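Okay, here's the structure, questions in a sec.
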Amino acid sequence: MIVVMKSGATEAQVQSTVARVEKMGLKANVIVGTERTVVAVVGDERVLDAPSLEAGDGVAEVMPVVAKYKLASREVRPESSVITVGGFQAGGGHLGVAAGPCSVENEEQIVEVAKAVKAAGATGLRGGAFKPRTSPYSFQGLKEDGLKMLATARDETGLAVFTEVMSPEEVDLVAKYADVLQIGARNMQNYRLLEAVGRCDKAVLLKRGPSATMDEFLLAAEYILDGGNERVMLCERGIRTFEAHTRFTLPLASVPYLHSKSHLPVIIDPSHGTGHTYMVHDMAVAAVAAGADGLIIEVHPDPPNAASDGYQCQDYAQFENTMRRIQKVQKALTD
Amino acid sequence: MIVVMKSGATEAQVQSTVARVEKMGLKANVIVGTERTVVAVVGDERVLDAPSLEAGDGVAEVMPVVAKYKLASREVRPESSVITVGGFQAGGGHLGVAAGPCSVENEEQIVEVAKAVKAAGATGLRGGAFKPRTSPYSFQGLKEDGLKMLATARDETGLAVFTEVMSPEEVDLVAKYADVLQIGARNMQNYRLLEAVGRCDKAVLLKRGPSATMDEFLLAAEYILDGGNERVMLCERGIRTFEAHTRFTLPLASVPYLHSKSHLPVIIDPSHGTGHTYMVHDMAVAAVAAGADGLIIEVHPDPPNAASDGYQCQDYAQFENTMRRIQKVQKALTD
Amino acid sequence: MIVVMKSGATEAQVQSTVARVEKMGLKANVIVGTERTVVAVVGDERVLDAPSLEAGDGVAEVMPVVAKYKLASREVRPESSVITVGGFQAGGGHLGVAAGPCSVENEEQIVEVAKAVKAAGATGLRGGAFKPRTSPYSFQGLKEDGLKMLATARDETGLAVFTEVMSPEEVDLVAKYADVLQIGARNMQNYRLLEAVGRCDKAVLLKRGPSATMDEFLLAAEYILDGGNERVMLCERGIRTFEAHTRFTLPLASVPYLHSKSHLPVIIDPSHGTGHTYMVHDMAVAAVAAGADGLIIEVHPDPPNAASDGYQCQDYAQFENTMRRIQKVQKALTD
Amino acid sequence: MIVVMKSGATEAQVQSTVARVEKMGLKANVIVGTERTVVAVVGDERVLDAPSLEAGDGVAEVMPVVAKYKLASREVRPESSVITVGGFQAGGGHLGVAAGPCSVENEEQIVEVAKAVKAAGATGLRGGAFKPRTSPYSFQGLKEDGLKMLATARDETGLAVFTEVMSPEEVDLVAKYADVLQIGARNMQNYRLLEAVGRCDKAVLLKRGPSATMDEFLLAAEYILDGGNERVMLCERGIRTFEAHTRFTLPLASVPYLHSKSHLPVIIDPSHGTGHTYMVHDMAVAAVAAGADGLIIEVHPDPPNAASDGYQCQDYAQFENTMRRIQKVQKALTD
């Protein structure tokens, strides 16, 4: 950590900063510059509330040098993690694709979708039973009935079931039926929920919050890892920016960034990441080209009549086309 | 709701859109423009998943005309709500100020702070017992012990106690000690938590998520109101933008906007909304000048040694100065 | 255009809105909804300052239905434009790649780079002679000397020369040496400059401003097209968001969006769009996979010693590797 | 400047970084931390292209410690600058208010507006003659005729005339009639224009670009100061964020920030900063409460019939009310 003193900071202010650093059990190196004095702190800065040093007299700014996450970090674990859930594999050169409707609507539908996406090459089935909805008046999902239908679809296809869990007290119930617990973007910093899935033996797909920084995202993963659950996948699903022609802005540079900082697999969601069906194909293919370890895509047999998210679902023909293209691109990358 | 057809949409596509609208029980007016046909939908559009119409063939865009919230809306309730909790009042011309440390650290401290902020003019005491922390390795608060200390401070001063609740299963415990349940920015769309405080008889301070749109913010309030709890305060605490010289960007135009759309009181948090102590005074005074119904301010006896958030706390002298200035400005606004 | 009246707007207010619309030579359709009245305007709304209707009594909001650009629009010109400049071609299935240093540093260097990038497959040479620099104290480029060196490099390699022009009065000078005039992101709305290149007979690469909406971007192109210059390429180079691990956020969904709205070729700049060398390869490949018509990439023989932008340049080996991969992906897309 | 080496950087990489720093004429201090080595650079880092060090092998990140601007900095000039133009004064406790229409429409109108805003307390008259318009098809202003009308209005009222200049070659013409040259937000980084007004003897109002960082904003001012023109006012007019209920987001924390970093006066534009008439009053009053040195407000006799920007203009009665309130708040701040 680097503490930058204000221009004109007194020697006493510098010494008081040094004293506070030493009180925290760390070592302070004072460097007197032409215009500013800086105090370089040596030791494990994760133990301290770094920004609080900023409150000291004469301190201009505190710049952390080391990220706070450890278990999620590639420095701690250099080899890429591979997450395997039945036939679904992501990471270390494996590309896992989960596809399916936004909401489970009925058993017949989810079984049919599962068969269709499997035939196209998917190894995971996504589908919402507990739906987080912006409005209390919108359809909230089929709940446990939906979970049972997902389990039936898995039994018939062997696909790994991905579904969202919204609350700590629902973790056991959802874990009873699902293979991968999805933490939605709105819950990325719901720490009780992260702790609860951290104690669970199911793999987790952690979606990035739409305004989360990368450090916040990796620290949310750290909560789960720290709870003892090592099977975490990081899902980039778009951030909130001034762009209005997409529902969210999908920054594919998250793939190389996260790969450089973390060993965890990176999954891209081109459906929420664009919010418009006509963009999903191009962004799915681009995500694979950027090195993503997996995709999660909304697919519905009849998007205009979907219970939710129809505007960003692919239909079967679109999804098949996307899968064909992805397989070719993947081959082009490894040739 | 307005459905804009694509340029070149066929008559059959227009009719299919009309049919879908009518199937939803609404009425469709077709207007053929020079370049585009639009379908204006008449009826209560809240019942439908408006964007799903976008998935129809030939549809370019769907533009909602009416917001989805009702109970939070000023159209439904034209007079401003006043929230009264003991001596604390916000809304309808009343300015409520809650102040106190980020975290409760010990009983002596919280009682001392309570007395100091009360002497300066505050009517509420803020203090965290359950702390949502970005890193699992940071101080997580004193939990129930902290709540007891807050209750002691209330007993000694009569201030209304504001404190955060992080999870549905903690609502009863926190409600046992607190007067106002605070929903943190990271939990603004934790719907299970919103439902739980909606069933509770304590007032709620709902903080805006850093990337929440105003519709999302008011719909989060709607969850609480719809649960039966009418005492909701809306707290603007800053949004995430590209600005790096403040921790968040505090948009004070939220005050006139929310006042135009909703009857609920609007509270400003200049501490989180700037992230730097030296800006808190100016933004607190500006918030009052912009018409805010209340403020929530971090105050600590010794900011450089605070357990958390020292960089954005005021000390006693700073807070007293801010309160003096606020009272003068408030008078200048009503003269 | 749709004019949404306020809830409770009077009949007189509606009529006054209708009168203003008719005064503009357009036709107004009044639709009385359950909660709101809307006025749907028929006619070419491009002639009017749409938002000014918002100032009328009782008006809540004005929603444009048609974009203001015409010449840039795919509705006006359905087939994709192909821009050909010597051996460089972009659009309609052609992928054009321009590469080279941020700044021209000396003749030997630029000729050497030109040969290297040509050997790797580039058909354009980029290089700055007039450099827009954030600080007045930074290196401002070699100016006309730099232009001459670029022309020499073209003479030796046949590559099309791309270089920036910063001011209307410099257009003639730059056009004397360059093949493609680049309008930098900071000048995207420098209308005098757009008008000046619009009168010129050189192709133009128009970079998107970091906070420009797509409508603003396409209207900037419209200024050039309206001036008589049809050879405009749209360059997405990243937008400003809260993300700090990249210098800008590169939204590749701009490719399908711009292709849906405009016939102009779309070029991606993965160097400025990420700001870090290690991300350039992945984003260049992803851009091609997303359907981009071209790339502009910073390449320098010795990035750590570049006069500017060393942190985002590829060296020769990196660029060759990227070009090889791009060619394979391009083939995978068209197979 | 602090150069952070990658975890695992070799001694040779550290030495190579040190060598590059020393080659730039600066001194390097190596600090070996528990997890990272950092190189603290001593000397005037403004001379170098700091980020280029990032291209070195083994370098993780470069963190500048000193801002690049000098003349704009309060470190160089501790006392606040006061800009005086006729009766208009801003800075050092003086509040200057310029008001008037977006566009000059005709002589009678501009003279009438000038008299009205003067009567309400304004000391400056704003009005556009050269209008930067997003669309080439929108009204572009009356040009020199408009300038003459502004000069007439000044002659009749004594108000200082503020008007925009869009291009270096128009500076002389505009300076012939205007008292304060306004650089629009879209031209904040039009360096040729900044250089041209830097050579001019008129005061300058520099508007912040909607995605400019504060360093970029102050460096744009530095271009003007460095050209020899000391009379620069910084105008915050809102930034681009995801918020859609305001046209731009107006961050009033810019006032304390800019006051802490620079001696230049800070002017707030609540008209563009919100984009809606109904918010202008509250934000104007809040800006004064936040410590702004001046305001620039759009005022039109008949906003619904304004040639441009009617949706964000105040009419006379609204402006008078705002001025009355501002004067009271100003008094409340200095009592």
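Quick notes on this one:
A, B, C and D label the chains in the order they appear, each numbered from 1.
Criterion: contacts are C-beta pairs under 8 Å (C-beta built on N, C-alpha and C of every residue); 3 or more make two chains touch, one makes a residue touch a chain.
Note that the coordinates shown come from a computational prediction; the quantities given were computed from them, not determined experimentally.
With A-C and B-C as the two chain pairs, more C-beta contacts join A-C. Set against the Cα centre of subunit C, the chain with the most distant centre is B. Subunit D has its Cα centroid 26 Å from the Cα centroid of subunit C. Centre to centre, using the average C-alpha position, subunit B and subunit C are separated by 38 Å.
Subunit A and subunit C have Cα centroids separated by 31 Å. Annotation for subunit A: residues touching 2 or more other chains are 211, 239-242, 244.
Taken in their complex, subunit A has these residues touching subunit B: 20, 46-47, 49, 51-57, 62, 68-69, 132-139, 166-170, 186-187, 189-193, 209-211, 215-216, 219, 222-223, 226, 239-240, 276-277, 303-311, 313. Residues of subunit C that touch subunit A in their complex: 211, 213-214, 239, 241-246, 249-253, 255-257, 260, 273-274, 278-279, 282-283, 285-291, 325, 328-329, 331-333, 335.
For subunit D in complex with subunit A, the touching residues are 2, 4, 7-8, 29, 31-36, 38, 40-44, 63, 65-66, 75, 240-242, 244.
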